[in-house]
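Two complexes follow with chain A in common, the first pairing it with chain B and the second with chain C.
And now, the complex of A and B:
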């Protein structure tokens, strides 16, 4: 009885929600996003949001760990830290002191494809901030006095993120095994033996090669208009000399993958074994047409917390896992990853869990997904798009990521429409084509090797 | 690719004390009282078609039975695992179909809930919230699943240096008090927790008596009134809370070391703090900002990270719990330099206690804290969280407008006096890592 009632409610919800969400999205993105390019090549994106007198100012460089010279892994991230060390005009910490004094927040981040610097401040400080950021685009001064302690800082960061964390170390191994040829196989933070050898000259060489207005994107979100940003940016950033000609970002590409791989990391600290698998799949930038939005939907259907296939099958129905999910990282310049993961119940071996995961994937590959699953996934993804309109920082990040990974403002704006248009057949085709185990690496995290073998 | 954040902003900003955020000149707060007597603070924001609600009941993990720590934590995980006629799967699919985000978490003194939904789905969102609070099912299979997840997390924690350091700190500082018991329970207690324990907790805590609600979004006061009665009106009028005694932390002066074979050692420390309603709280907040608060210029950041490269993160924060005010901090560094790092931190604490901040430091700290308050008002969920915390701290609906004036009024004499009061009492530290000759061992001065 109850079940039938729920199905009636469900049918009603399916019928009307996408339409409602469509209205909401249309309203939410009503405030126009502007984009223009200065004569020195700096691209600018402005996202007005007048709810609070605050601006988010982000400078994105189209360079990341995948652009590092061989043997210098970690230099993109090390340079990101060193960018806080001062210039001739604004020595030692003056920029951070300014941000601190006005009560601004600042930080920076590095990925395989981009490096970014951001500040959030009261809007009247925007111009002053631009002066500082423009100055350090080409004016960085480094001495060994500041470089050497900072090298120790990033080694401690490596300890904190990676060395102390067996799960993170397994993640590095899976990624390294997945990419046979492409530099995405390197950890963003670098391999420790190479980080230890990084020098001031390495940092400056990398800086001079890649930090130039024609390799950067300015994103300003908040209580501003496109006109005022254009004026400030032209006056301030427009004066920065274009100091490097940067060719197309061509990295060595992956061969057709044809062997499934499995890696195991054993560490005596592991008290809870786990498993994660990555498949080599297309990104937004490399996908044909809208294959990447089909992968977004597939990841949601497989991976949604509590309601996704992975959780429903492995945790709720078969009781072989305590947790399970899936994800897809669409933003990448080159071939990217689709991941599935699970944590086994105490009495379940990783090999048994691995087979159970194969069962979930095989089922989707053979039969596709249901109309109900498709609608629920779309509803969540589209609502995420609406919720994102509530945060200027989130929006600024979306556009920054898009423009540094081969996507575009237009693709961000139309993302929810393209999600809505995904069909059952497209989701099924994406699963069939890309969730092929020969394209994957599976990582096992265990306490010791012997024990896992015995149990399997 | 996962972005690496430099994490220069201090972790302490995520705590209750850090809720000092911002004067939003543009923010108008309405006090809304429903016909059923439920009060909420509302900021109407029609620019984005969503509604964010944050609420809290007094009585978090401090209401766990003494022999069963972890009850409140499990309840928080169980509230979306089925309610009313809907089992776990049906309930969660309804959340999906209506794009409703519903979450619960238990802290030491309070139990928090959070709801976010599209404006067009407020009826469905509120209906699901009402069900979760008034008719949670606590089905056997769902409990079993949730318990297995909790145990899996606890197994992980047994070899995580951060968790070991933190558990030992709390256990030693509050040996015979609810604050000494882990929020998420223990490997021994979690298997003992049953549906009856959870029902009892829900009955005692989920009431209208100490409920605080904050709402931000595209909704007017009249509509909100009926939403409030719909969501919370059916809850009992009165709570049945176990008394939690006021307590002083123990262990000050002690240094405890736990041997664990990991490359980086973790250090946690804490001492007596200053209560939220104490007249010295704001000066103490400024003193902490200067010592180890959230900017790149704190003394600990400069001495430990910038000058010596000993750590990636080092921080301190105020944690004014309801029954014990605390001053907390931590860092992580190479095993062979833990002792040196702890020594540096202690020296900075002593120096600030003895000499107080400089005039320039005070000016800069005030400027930072005033300026950064506005940054807390940029998303609906953040604003709602801030309004909720102001209610929990009982600071008054005009607090946001008063707050920067309170910062401004602090004098150099105030911070010097309060630096001594806050930092002169000594600290208790726990360390977890590889034992080396230079690392401290066992208990000591």
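And now, the complex of A and C:
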């Protein structure tokens, strides 16, 4: 039962980065956010929210697939699964059973930059929860008896999410072709031939190297005060040994992109061809000044459902696509992605659609956007942001993502102000500089390689 | 002067892998080849050749760009340059001056799999030469005074060979898009932004880890006997400390290729558009049975100048190209490349040429080759091989490459027999299995991105 539960859990984050990143953040509607650090290095963020007597508790580790040793892709995600296999104090299943018994929810997720563990419970259970999470921060016990079956769970997850999903396979290929040198080119779930070789020793080595309070961030949102959390966290997490010295997170960086790339994946399962393009662009952490908020605005102007440039031009005006959009993955420690995508009408070739997308991008690069578009985009982004804060989980997530990807609480708090300050020229400059086709990989998803290959 | 000399020297191997690999080998015309290993682990190959009183002396290290630490691309090649910077016993310049004074030649080269140092001198100088080479195997002294200027030499080499050479830049991009996970995707010279950061400490760490007699192969060809070389090598190289324990050379391997890729590089310097395609295929070391000799034959049948399928079909019959060919890089420790290339006639688009190449490949995949083509290819390969043995340097090189890329003296010796044994069905099977477009990256070199991009 744990395995089954866990599989669903892990699905939460793996591969849904754009969705996460599209949500950037600003001032919390609720009480002020507190931040402090325990003497063992654990950072703590508290987001009071007294609307209901519940708390959201998240432990974030500053480690993800991009931190994996060469040849061990998938180990970050595999370890995330294995973290449910118990400790000496709390054998396998006890933690999950506790959460279930008190009517709580739990979850876990892995990305290229972070790994996180999440629970949502009634406030009176917070301390007990912390005891469990603190225990498994350094107390994990792994035997081959539990590791080997879990590897099969992961391989089955790979079958479902990647091997039998042509769109996901194309996504992997586009990402690998975009990142020529940086480990973001590896799939978070891992390359299958490397997953198959992962061992208990690999998992334990990774765990010991990266799971330590000085490499973690505790985020607690809900019906608590900063004082309460500080007391509990000091009593419970404060006792966890700082067992690893964590160096700076330096990954091999990308060379200057200089060639336009195209990847075509054909699979008989494909019923509907589609096209997606990624550009290599700055993230919140790597951007100069507020370039990343200009990219947030640009993605909104290009990509907004039914009102963005992509939709208006390709679906409404030219009738070459049945849907079209854009996104920007702002949260990343290193250079990140700006994406555009579209699905052609049945009688339109991907090549023709590709040219039509070029037209939309070329136009923005040449002429920028209008004042009206800019205002509408800002209004929409800020209003989405305000509504999103209604979710305690979303709030907690924002801070966890920010602090594991080189951003900060302050940047989250000031996001809406910075969005408001974006100018027409900044949006235009971002388009000119970053939506350069030499920085891009375009993926074609087709049923039949030969037909599309000829690009007639 | 040393720098200038050395720059030319380094140019020898960097980037000319296909040329090297196209030469595979068989029975030596001259006396039998001897092979033995010293107690410190140094392997020695002796190829007697008494036509002239000269010897070719090569020290090969089983380390190349694919063995570099993440983020340190270019360090193997940088170290190759720095190996000319002197030791305590022989300060900078003395070794090269010795070779020059006695009228000899010297050379050095770096590839993804090996690094080598070469001299050709009158036979009476062999012992003195060995003293120099043995001394720098572990005695290299590096100071920032010599390291920093040499880094500028390397960056200038990068300017000349890559940055100002659109074809080379496209080659880098094609290779990076072909290898999604394996370090063969990195350029041997390194990514420029990483070269710029290389330090003395990086070079020394790499040197200490990989330069040790048990990771080296001495190849001596020329007017010597195995007994003489054995005596000299034991006396001189036998004293070099075995200072590193070398593990197996395991690099991250490629996932199963599943998407056809295309890379377009545009540069105003391009006067003549061209197209090249690489397929991911087995090397001598990774092939099952004699698949690699079948690929040698297939490359010859497709690629032979003026008589190969590529030339005959694209240049002679269809008049869509002004040149066309194919090659196979058999020597590689891991999965390697099979390439086809062509230059279009001025009025032919790269897309049209690409389709015409597909036609040539599809035909071989569908129908195989003819008995006549097979015989002509074998005759040509074996005759080229016999002529190539006329060069002492070539002979020595064959063994050095073989022993640093997972092949063997025996495989070199039996190559022509194995070529003779290749069947029509083996060539057809190799084409069917490996010339699958999903395994390939096609590079377009164009003057102007926009025009070719539309692929009209």
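Everything below uses one rule, namely that the second predicted complex is superposed on the first by the 424 of 456 C-alpha atoms of A that agree within 3 Å, B and C clash if a C-alpha of one lies under 4 Å from a C-alpha of the other, contacts with A are read in each partner's own complex, and residues count from 1 in each chain.
Methods note: contacts are C-beta pairs under 8 Å (C-beta built on N, C-alpha and C of every residue); 3 or more make two chains touch, one makes a residue touch a chain.
The structure presented is a predicted model; accordingly, all values stated were derived computationally and were not measured.
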* To do: Would you check which partner chain A:407 touches, where first means chain B only, second means chain C only, and both and neither mean what they say?
  => neither
* Asked: Touching A:316, do we find chain B (first), chain C (second), both, or neither?
  -> first
* Please indicate which partner A:449 is in contact with in the superposed arrangement: first for chain B, second for chain C, both, or neither. => second
* Touch check for A:173: first (chain B), second (chain C), both, or neither? -> second
* To do: State whether chain B or chain C is in contact with more residues of chain A in the superposed arrangement.
  => B
* With the two complexes superposed on chain A, say which partner A:104 touches: chain B (first), chain C (second), both, or neither. => first
* **Partner chain in contact with A:250 - chain B first, chain C second, else both or neither** => second
* To do: For A:261, decide between first (touching chain B), second (touching chain C), both and neither.
  => second
* Asked: Where does A:269 make contact in the superposed view: on chain B (first), on chain C (second), on both, or on neither?
  -> first
* In the complex with chain A, residue positions of chain B that touch it -> 1-9, 24-26, 45, 47-50, 52, 80, 85-86, 88-90, 92-99, 101, 116, 118-121, 145, 148-149, 151-153, 155-156, 158-159, 161, 260-264, 295-297, 305-313, 332-334, 364, 367-375, 377-381
* Asked: Tell me, which parts of chain C touch chain A in their complex?
  -> 70-71, 73, 169-170, 173, 176-177, 180-181, 183, 185-186, 191-194, 250-253, 255-256, 258-266, 351, 355, 358, 437-438, 443, 449, 453-455
* To do: Would you tell me which residues of chain A are touching chain B in their complex?
  => 2, 5-6, 9-10, 13-14, 17, 20-21, 23-24, 27-28, 49-54, 64-65, 77, 80-81, 84, 93, 96-97, 100-113, 116, 120-122, 148-157, 159-161, 163-164, 184, 188-189, 222, 268-272, 304, 306-307, 312, 315-316, 319, 322-323, 329, 332, 343, 345, 375-376, 379-380, 382-383, 386-387, 389-393
